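By letter and in written order, the chains are A, B, C and D; residue numbering begins at 1 in each of them.
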Amino acid sequence: MDKLHEECGVFGIYNHPEASNLTYLGLHQLQHRGQESAGIVTSDGLKMHLHLGMGLVSDIFDEDTLDKLPGIHAIGHVRYSTTGSSVVKNAQPCFVETAHGPIGFAHNGNLVNAASLKHELEEAGSIFQSTMDTEVFAHLYARSRKTKLHERLVDALSRVRGAYSLVALVESRLVAVRDPLGFRPLVLGRLRDSWVVASETCALDLIEAEYVREVEPGEMVMISRKGLESYRPFGTVNPRKCIFEYIYFARPDSIIFGKPVYPVRKMFGAQLAKEHPVEADIVIPVPDSGIVAALGYAEEAGIPFEMGLMRNHYVGRTFIEPEQSIRHFGVKLKLNAVKSVLKGNRVVVVDDSIVRGTTSRKIIKMIREAGAKEVHMRISSPPTAHSCFFGIDTPTKNQLIAHTHTTEEIARYITADSVGYLTVEGLRQAVGGEGFTFCDACFTGDYPVRPDGVEGVQLGLF
Amino acid sequence: MDKLHEECGVFGIYNHPEASNLTYLGLHQLQHRGQESAGIVTSDGLKMHLHLGMGLVSDIFDEDTLDKLPGIHAIGHVRYSTTGSSVVKNAQPCFVETAHGPIGFAHNGNLVNAASLKHELEEAGSIFQSTMDTEVFAHLYARSRKTKLHERLVDALSRVRGAYSLVALVESRLVAVRDPLGFRPLVLGRLRDSWVVASETCALDLIEAEYVREVEPGEMVMISRKGLESYRPFGTVNPRKCIFEYIYFARPDSIIFGKPVYPVRKMFGAQLAKEHPVEADIVIPVPDSGIVAALGYAEEAGIPFEMGLMRNHYVGRTFIEPEQSIRHFGVKLKLNAVKSVLKGNRVVVVDDSIVRGTTSRKIIKMIREAGAKEVHMRISSPPTAHSCFFGIDTPTKNQLIAHTHTTEEIARYITADSVGYLTVEGLRQAVGGEGFTFCDACFTGDYPVRPDGVEGVQLGLF
Amino acid sequence: MDKLHEECGVFGIYNHPEASNLTYLGLHQLQHRGQESAGIVTSDGLKMHLHLGMGLVSDIFDEDTLDKLPGIHAIGHVRYSTTGSSVVKNAQPCFVETAHGPIGFAHNGNLVNAASLKHELEEAGSIFQSTMDTEVFAHLYARSRKTKLHERLVDALSRVRGAYSLVALVESRLVAVRDPLGFRPLVLGRLRDSWVVASETCALDLIEAEYVREVEPGEMVMISRKGLESYRPFGTVNPRKCIFEYIYFARPDSIIFGKPVYPVRKMFGAQLAKEHPVEADIVIPVPDSGIVAALGYAEEAGIPFEMGLMRNHYVGRTFIEPEQSIRHFGVKLKLNAVKSVLKGNRVVVVDDSIVRGTTSRKIIKMIREAGAKEVHMRISSPPTAHSCFFGIDTPTKNQLIAHTHTTEEIARYITADSVGYLTVEGLRQAVGGEGFTFCDACFTGDYPVRPDGVEGVQLGLF
Amino acid sequence: MDKLHEECGVFGIYNHPEASNLTYLGLHQLQHRGQESAGIVTSDGLKMHLHLGMGLVSDIFDEDTLDKLPGIHAIGHVRYSTTGSSVVKNAQPCFVETAHGPIGFAHNGNLVNAASLKHELEEAGSIFQSTMDTEVFAHLYARSRKTKLHERLVDALSRVRGAYSLVALVESRLVAVRDPLGFRPLVLGRLRDSWVVASETCALDLIEAEYVREVEPGEMVMISRKGLESYRPFGTVNPRKCIFEYIYFARPDSIIFGKPVYPVRKMFGAQLAKEHPVEADIVIPVPDSGIVAALGYAEEAGIPFEMGLMRNHYVGRTFIEPEQSIRHFGVKLKLNAVKSVLKGNRVVVVDDSIVRGTTSRKIIKMIREAGAKEVHMRISSPPTAHSCFFGIDTPTKNQLIAHTHTTEEIARYITADSVGYLTVEGLRQAVGGEGFTFCDACFTGDYPVRPDGVEGVQLGLF
């Protein structure tokens, strides 16, 4: 798929002599959730330290920088963001000095009332340092008159609406909170005497922490010398977890929302094969994101699975495009068609989604030029017809091809012999049947929370 | 597999207005052949320009640096090398001023008599700038008394023994040469009015050049205003092409040595399944290098193929290892086991080779800890029992586990329930039967050329 | 002299097509007032831009960075600060977004109640980004409820006590303010249709602006499309201008406080010769700061002036000290004694001040080792016996040798044959007689304003 | 003066545990002889190490880089060069591997037959790495068939003609050589058990080494475990030491050519006053280079000496010039006129030389605009009417104003009321009378050695 990015991954560790090193490793495992900037805040119980940078975790941190992050508690963050605000002052964690002492925040999600809160805070004389909504938490916290840490946090969080999986570090306490609807994942782990929180369990695996459970929707977990305390300050509502985490974002080796990703994603492919069978010689994925669903499709359909597209993993951030147009250039930098696999065959291509359609069109051209006789596109999710306001960087809905075109029109545009999308029904069934607790607004338009301002306009301010 | 690296990829283009841009793209496609340094030399027919750097192609070059490489002819190089000599002065192309004018050399391979030639040249007063064997070409060329370019090159090349796929650029001519035994690949392509040479065809695909043929073993191709001229200055011998290119190095989407890589590699896996069948529930590859052979194995064996190991592609160059030992740390940075795939299953793991065995041991531990009931290792090549002197960075043979241990001992060391290697016979058959024209000395010890000095000691000087 | 540094130089320009370029040049001329960091804020009347950096003006800015600072109005700042807080977030101008729009502040001086104001603002929920007192202005401004710019500024400035020569830039207005006591200089200039403000007139000279007058103590000048408006919102008091500007800080080619520096400084030397005559062969300055006073001394005393100490102007920021002690190492990096001048002579050395005495001691040793027969130290200011709270980085008074030792003891410590200080009376007379309007608290202890907290403890917080 | 730069300073130390640190300090003291690049080569008797960089000594070296330069012997170099070849590969020392082992060369001067030697060496197959003439030494040395070090060096040096003060380091020997005419200075010092060589004695002063004597013209000094050996392999000729070292290059605190610089330079000023007296109110120098001569002039003439021009020492390498022309911009960045000194006065300005005249013209304009009634230019050397081929970067003679204009014409061009140059006779007398052993070809055209090729064309190749 092209250009569907979530904004962040978060990590936190309490009480470990190598807190910054392990946070670094945890962020390394969450790197797929954001490659634009990263940062770590540590605390030794008294003093706190911060290091931020633009780029990959392994470029930002080295032994020297990690040595300058002493302390037994730490939080970290990896961030993706759209180009405009791609500057280091928008990197997280957001670390501030307040009258209550220093505090760091690492946040995954998107607040829908951040703009109006910022306006209100500035009117009252607050000075913002960044354009990220995470800083709204910081100012609300700084202005709280409550005397206890968790009360100040609840005070601040009660004002915000939207998606947040938030990790906060004060001098000797680590706090993890998930918004009441639980859009973004957040898991809790244990490493001997240390507590760990992370966006996905793959971050626990590397440091050999044991998966304990999810931080639950609406739960605030506070870890201190007294151990782990759980609060539920926001009341209880039916959760709306992001279904796209299973379709695309989360790594297949992770457990999120209480369930492993790989079998769910494979089931999407199998269900897709049932709903949209086709006579074909081979099933190929758009690597890497389409691999697991393609395996499910191939197995269910009884058609051989092949790697008909090869991915180049060395693509850098900026790439020089030659002036003389090379056809389908952008895609070719990442993918190359394997002629010896494709030539003369009827091909099923499995991808996780179609956003604008331009990438799919280029991929199909590549496959045809490599000699395929037929190309059938199969998408392991329903048509993406609505924008997301909760942390996924989708374009406005008019740029979503599935918002403006029928499946037949899409097939014609991307030059596929046929296109098949997973149905919403099939999706829900594959993920686990009754008691559906997911947000699938990007397919259905059924938003659990509305953003401020004009309907349907995606938030650009933050 | 662990730590088998070839040293280089080369690229050249003659007569294209965007010569440096296309060379940059070609090197991008050859990045898997070397990630340590890269460089480009261009010529506008009169003046020549050079830019070199350490790191990835996309880090070394940007619009500014490419703008400073004008000219319609260019050659480029990506390099891998062992740590000791990892400095920019050893980056290629090697560009020198001589009494015959400036010349650039980009070289893939390893000369077995480089040390003695260097010694001889220094005795005669030559001053070397680097420790790479490529510079030997430069000094031999500079000292040649011949009046014509191709004679000077033949003069120089007649002195060297070993593996070389060499691309040279002088002011208005591009030369491509392959040593008589043809160890390393080199292909010739055509892009409208331009000629292109590259280590693999995947570099042609991106720039939409058409594959014409191999530069043949022992052939020197000279491209100038007069068109393409072919010389065969070294006589003819039976070639000894590197079989490891098919096993591991080359990209599956490339054509090398006249044959596509993907079906050959898949055939290795299928042949392996015939030779070493086993009762199992799933076949998984060690990604990415084992994927194609694993598909061949799974298909032949009729066992489902799954992605039981997930690869993290964001691993940077240097990585901070925590002091408190994390088991199998090095491997875990790159690979994570997918518990939901492996748990309770009998697993066949397909990899391309075993060098020291330490990586395989770590991988199998990961798979067992993820809940696998049985782990059967299958290797899509024969036991690597001998060092390579022709451009592959293998350890000395005493560090090769297959040199010092039987298959049973290897199985015990890596804690596999069984280990099965492809036979040399099976390998030869899979690659195409009679008239075997490959070097498989790393499996058989049958070296086509002997290095200078004590037998069996790998060259460390260059 | 050693280690008496003022913290800053400020510059502002209104209505010039090359505002950032001229600010850059102005800062270049004020570089002697701070070499640690520099910054420029520009405005085109709508949008504002900022660039800051650590180091010298010519290292921080180049054509590219200046191109990214469009606009016809600009302010700039050069800063010196003690090591602890030498980080880029403490560089100025301080540029913030407020509910009233963006604003930039460049400030020279020191607020004596900054700590208590910061505490009060944080209690009210403000989040500080830096540890510099300039940010206090920003928060006070952001919280002001007044509707007009100048009222908000007066609102903020009414809260602070201490020394400030402040330049502020909002979208289309440039404001220059001097505290009621007028500690630090601030001059007003005119360049065709543009207004210029700067700490010293030498910054006007380079850009060929004409000196108009001082911004007066307690005056707020606001420059806008309506022209220049002058306000006096703080009432009138007898000013206390910093006498040390004449002794050491200001460049001899500047006019400050309405009078040129060179003749005043030379008069200090002449007066010193009258007060402390001595039989000698030559008068030498400690270059560069002692040159002008030494000329005055030599002329008055009728003793030849020579350059007996040579200064090396290439001293970098950090310098590697050899382990084997080189005597008087620190001073030797900057100064070298000229044997052919000093040998066999009775020498008068003129310096502007003695702080700790360690540097003077080293200098005198160097002079003696070069062969001087006698060394008489003459200081063109009274004994520095008290700390400064208004922007000069003096040590606490117990580290001031003149606070703890008599002149005779000082002579013995620095190994001078005699030491002579200018008297306070002589100083006052030299600077212009009756109606003395200067702060000479560093000599007399007569502080015009008291800092918060315990008496005599210098402010460390900011 | 404007734009007369010598190319280099050299330093060497034998047998000191902090060899690289002391070399670093020595180069710091020689920084006035070259600010473009610097480098150090060290040897521990077996292995040798190199570090080079562009810029100032204190920017290129820090504790880390010096730690990577172990060894008890070292040589270093600071370099000035014209823009074209300002690249790191032309930085010195030149360090090469040869069949005789590694060797480093640091060279101050200019070879007049470098171009033809380079051509000859390339014809024989040598490959040059740089465009500096120092590399010619390296190739000649590498090709020598002699068996002893000093014979190989003599072999190489016998081929070159021109100016060189050369320091060479091989594994356990330090060699210092001065060309037979002895153009450039080179002094020998002693620091306990260590030997030191340097371009000027100011480098000895900082590290507290004792001045022993000059390395004499035509002398080769070899320092090894056997102690210091002196060779005179080139026969004896009447030396031609560069008189400009006394006029401008050398620091006033140095001893070179056996005599201290300060009194010689002051004598130039006194002699100038005798030859060109004028009625005036003040004598001012063009700082810093004109200060000592101006003191001599003022003393002889009995006119008060004042600092009428202030120098800004913070001028960086590149400076942004505003588009709207500021008059005399280039000079104003460095110098500012002191109005309070100049206003209403008849001024004598003393400078060391006039090259093109453009700078003098700007300076005089500044002085007049500051209110001077008359401006009389006095130059402490004869008219510079001829180019230098021995290491001073003078323009071709047609660009030298004194080559093409009379003194009256020069006065008119630079707008001086009068111009007075020191006579050649006066110069010779001031420097020491009979037995004149200096090269003053830049004044007289009497070149001791002729460069290759067309007469009067300055060497551009190196």
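Following the convention adopted for this analysis, a contact is a pair of C-beta atoms (placed from the backbone, for glycine too) under 8 Å apart; a residue touches a chain by one contact, two chains touch by 3 or more.
Not measured: the values here are computed from a predicted model.
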| item | value |
| --- | --- |
| Remotest chain, chain A as reference, centres from CA atoms | D |
| Chain pair with more C-beta contacts, A-C versus A-B | A-B |
| Cα-centroid distance, chain A relative to chain C, in whole angstrom | 52 |
| Between chain A and chain B, centroid-to-centroid distance (C-alpha), Å | 36 |
| Chain A, residues touching no fewer than two other chains | none |
| Interchain pairs in contact, sorted by label | A-B, A-C, B-D, C-D |
| Parts of chain A lying in touch with chain B, wherever the complex brings them together | 17-18, 21-22, 24-25, 28-29, 31-32, 35, 56-59, 61-63, 66, 202, 205-208, 251-253, 260-263, 291-292, 295, 299, 304-307, 310, 312-320, 322-324, 326-327, 332-333, 336-341 |
| Residues of chain B touching chain D in the complex | 96-99, 119, 122-129, 138-139, 142-144 |
